[in-house]
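Handing you a structure now.
Chains here go by letter, A, B and C, matching the order in which they are written, and residues are numbered from 1 within each.
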Amino acid sequence: METIVETKNLRVEFRAHNSGQGKKVAVNDLNLSIRAGEVFGFLGPNGAGKTTTMNVLLGFVNATSGAAFLFGVDVREPIARQRIGYLPELTYYYKFLTAEELLRFYARIFGIPRAEADRRIDQLLKLVELESARKRPIKTYSKGMQQRVGLAQALINNPDLLILDEPTSGLDPLGRMKVREIIQRLKNEGKTVFFSSHELGEVETVCDRVAIINQGELKVEGRVADLVEKHQANLEKIFLNIIGYQPQLSV
Amino acid sequence: MKKLGPYLILLVLLAACFSLATLLQERAAGWSKRGQSDNILKVLLGDGRRLFANHFFVQADVSFHGGYYPSLFDQANRPKDTSHLTAKEGEPAAEEHEKQMNFLGPPRDWIERFGRHFIITAHTHLEGNKEREILPWLKLSAELDPQKVETYTVAAFWLRNMGKVKEAERFLREGFLNNPDSYEILLELGRLYYENNHDPARARKIWDLALRRWSEQAAANKDPDLLTLDQIAGNLARLEEAEGNFARTIQLLELCKKASPHPEALQKQIDELKQRPAARPPAAAPGPR
Amino acid sequence: MNTVLALSGVVIKELYRRKDFYVLFVLTAVITLVMGSVSFFHDAKIVRYVKEIALLLIWVSALVIAIGTTARQIPAERENRTIFPLLAKPVTRGQVILGKFAGCWLACGLALIVLYLFFGVVNGSREHHWPVLNYCQAMWLQWVMLGVVVAFVLLGSLIFASPSSNATISFIVVLGILLLGRYLNQVALQQPEPLRTVVYGLYFLIPHLEWYDVRDLIIYDQGLVGWLDCGLATLYAALYMAVFLLGAWLVFRRKALNQ
């Protein structure tokens, strides 16, 4: 099966804010491999290196050493992002544009012909239930609506790989359910989904494989069912164990 | 009651502010003269308005030269005077001005050479009815600095040239109200009455007053301009000569000699006048018949 | 090219949906019309001062639009986090720079067209004479100059900490060049060494934006600037635009965009 996302000995260092501390290693020797058609969960506590890894894959940050590939193309090449869709955790879009204008703008960047872009925009706005608000500027949208616009723009180019950073963050239960439905639908269509989340219950339900990262290092990777069987615990307990959480003893 | 609380406090504060303002009003009036002025520009700009007034006066000069004008850096090397604004062709002021306006010189480098394609490089003066274009700047300058006498005299000169005699007179009178000691404005006003209104009696009175003002300033050691004295006395002398009052003419020419760069020419004129028959003595006081 | 045009379209939409341009245009129009309605010594045929004031306001407004719009482009993208979904698309950082530049420059051009149309109408109604070619040339030269300013401010937006500091410094530099650029060689000659060399070096280094200010030619009814000179000035400006944009790209490509 085709490898869609691959990192090889990926290392990312940043200069520490306090000059006395030298460099901070955000990602240390990370080797990941995500295959076509998988729903892959990327887990870790805050500051573990999840967002940094995603930043490298998306070309926002350059790796200090190692390499990262999307569809076999080095992530530093813009063409690597032709077939991906990305939904950031904090969704902010051009507030003076309407949802329709925003999607048209991104469609134009992908080089999607006008007629096809119109068709997709109609389809996506229906999917994310923003048809009635399509002509309103985004600054008038609620957080949930902005999140849905974000999802629509991530899908405008009919991506083969969807990268989602905390896709259900800030959503109500109905919103979360809809996101799960969309992820399931994409999986059924053979798309690959790579997402980070703190909602372990959700990850357990939706993901084929997961990786848990802590302090920049990959701690565990594998199918959810296999991990649960191996550790004889649910995903939450596995996660807490890996990050070294010790429950307080009762007096 | 709780809901009304903040509004009541606001009302009390407003009342306190109002009361304090009425108490402080008298004191504040004494802090600064600027605030007492009825001129909004004086209140807004203070004495800085003189800078703007000067700028607009220079702008009038720039306009007069069709945009061809030395920069501050060119002017630093050659002091610029504006007597050319009212000088006629052939006069010394005009000739001196021609020399001063030759400031461009050959370009020092390719940037300067290329840059000259985008600026005005020919020395011209406004002609025909186009001289009206300098008037707005002079008016603005006078509004900002009513004590700048030159603004009134230059504007009046051009207004007279354009046939706008009434406007010139009005403007000069406005200038005189703001500058009651100004002999320059009186000189120009006298010219207006003599040359445009053909009213020598009035012109004489104005020029006599101008002479008195000049003398008062000389007596007070204020160092008034000798060139203007020459012009006042010279104009009066011409008027008196035309009316046949040779003795008075001679008195005035003697005054001119003090200021003139060519006293010998004036002496010659005086000698000629003394030769003339019926060099009437100055008018005596009317006596019984 | 498509991406660059798409980006520039977003910038232009932002300009006409913000209030800035309308405020500046209304201010320009009101001041010009008020000054035009004033009667000086009961002479209705005085026209030049209106031209002078109108053109000065057009220049000030255009500079405010150029610097204000450009200074906030990239910082706003980063602050509002819109840069992330943008760069997650197949868009290079160079295209972002070019797109922002094209958008700001085109926006200035549109603003200039509106302002000069207004100027033409006001002036024509007084002078009964429309030197259209002169206006077009003046507008072209001003637009080309604004291209240099936009590129310069774009570079500044990647170097300075905030849009306000960038805008302030850019205003000072641009006004300094417009007012003093022509005379730096004279100033240099009056200085002792080594200051003379420094000032002269600066004189050759700075983009001579004052060449593009041909207001005096319009006000005093002078002829057109030679078309060859116009072309060479355009080329000179294009070179400086390229230098500043290249500098901006070199700075931007190294910037880490951490979420």
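As a working rule, a contact is a pair of C-beta atoms (placed from the backbone, for glycine too) under 8 Å apart; a residue touches a chain by one contact, two chains touch by 3 or more.
Owing to the predicted nature of the structure, the values given are computational and were not obtained by experimental measurement.
A.B. asks: Under the touch criterion given at the top, what is the topological distance in steps from subunit A to subunit B?
C.D. replies: The fewest steps needed to get from subunit A to subunit B is 2.
A.B. asks: Which chain wins if you rank chains by how close their C-alpha centre is to the centre of all protein C-alpha atoms?
C.D. replies: So the chain sitting closest to the middle is C.
A.B. asks: From the centre of subunit A, which other chain's Cα mean sits the farthest off?
C.D. replies: B
A.B. asks: As a quick test, compute the distance in whole Å between the mean CA positions of subunit A and subunit B.
C.D. replies: Averaging C-alpha atoms per chain gives centres 78 Å apart.
A.B. asks: Can you compute the centre-to-centre distance for subunit A and subunit C, using the mean CA position of each chain? Integer Å is fine.
C.D. replies: 41
A.B. asks: Tell me, which parts of subunit A touch subunit C in their complex?
C.D. replies: Residue list for subunit A touching subunit C: 14, 51-52, 55, 58-62, 78-82, 84, 86, 88-90, 92-97, 101, 105-106, 108-111, 137, 150, 153-154, 157, 163, 165.
A.B. asks: Per the contact definition, I'd like the list of subunit C residues that touch subunit A in the complex.
C.D. replies: Where subunit C meets subunit A, its residues are 2-3, 5-6, 9-10, 13-14, 17-18, 80-82, 84-85, 87-92, 256-259.
A.B. asks: Using the touch rule from the top, collect the residues of subunit B that touch subunit C in their complex.
C.D. replies: Residues 63, 66-67, 71-74, 108-109, 111-112, 114-115, 117-120, 129, 132-133, 135-137, 139, 159, 162, 164, 167, 171.
A.B. asks: Which stretch or stretches of subunit C touch subunit B in the complex?
C.D. replies: That would be residues 38, 40-43, 45-49, 141, 182-183, 185-187, 189, 203-204, 208, 210-214, 216-217, 219-220, 222, 225-226, 229, 232-233 of subunit C.
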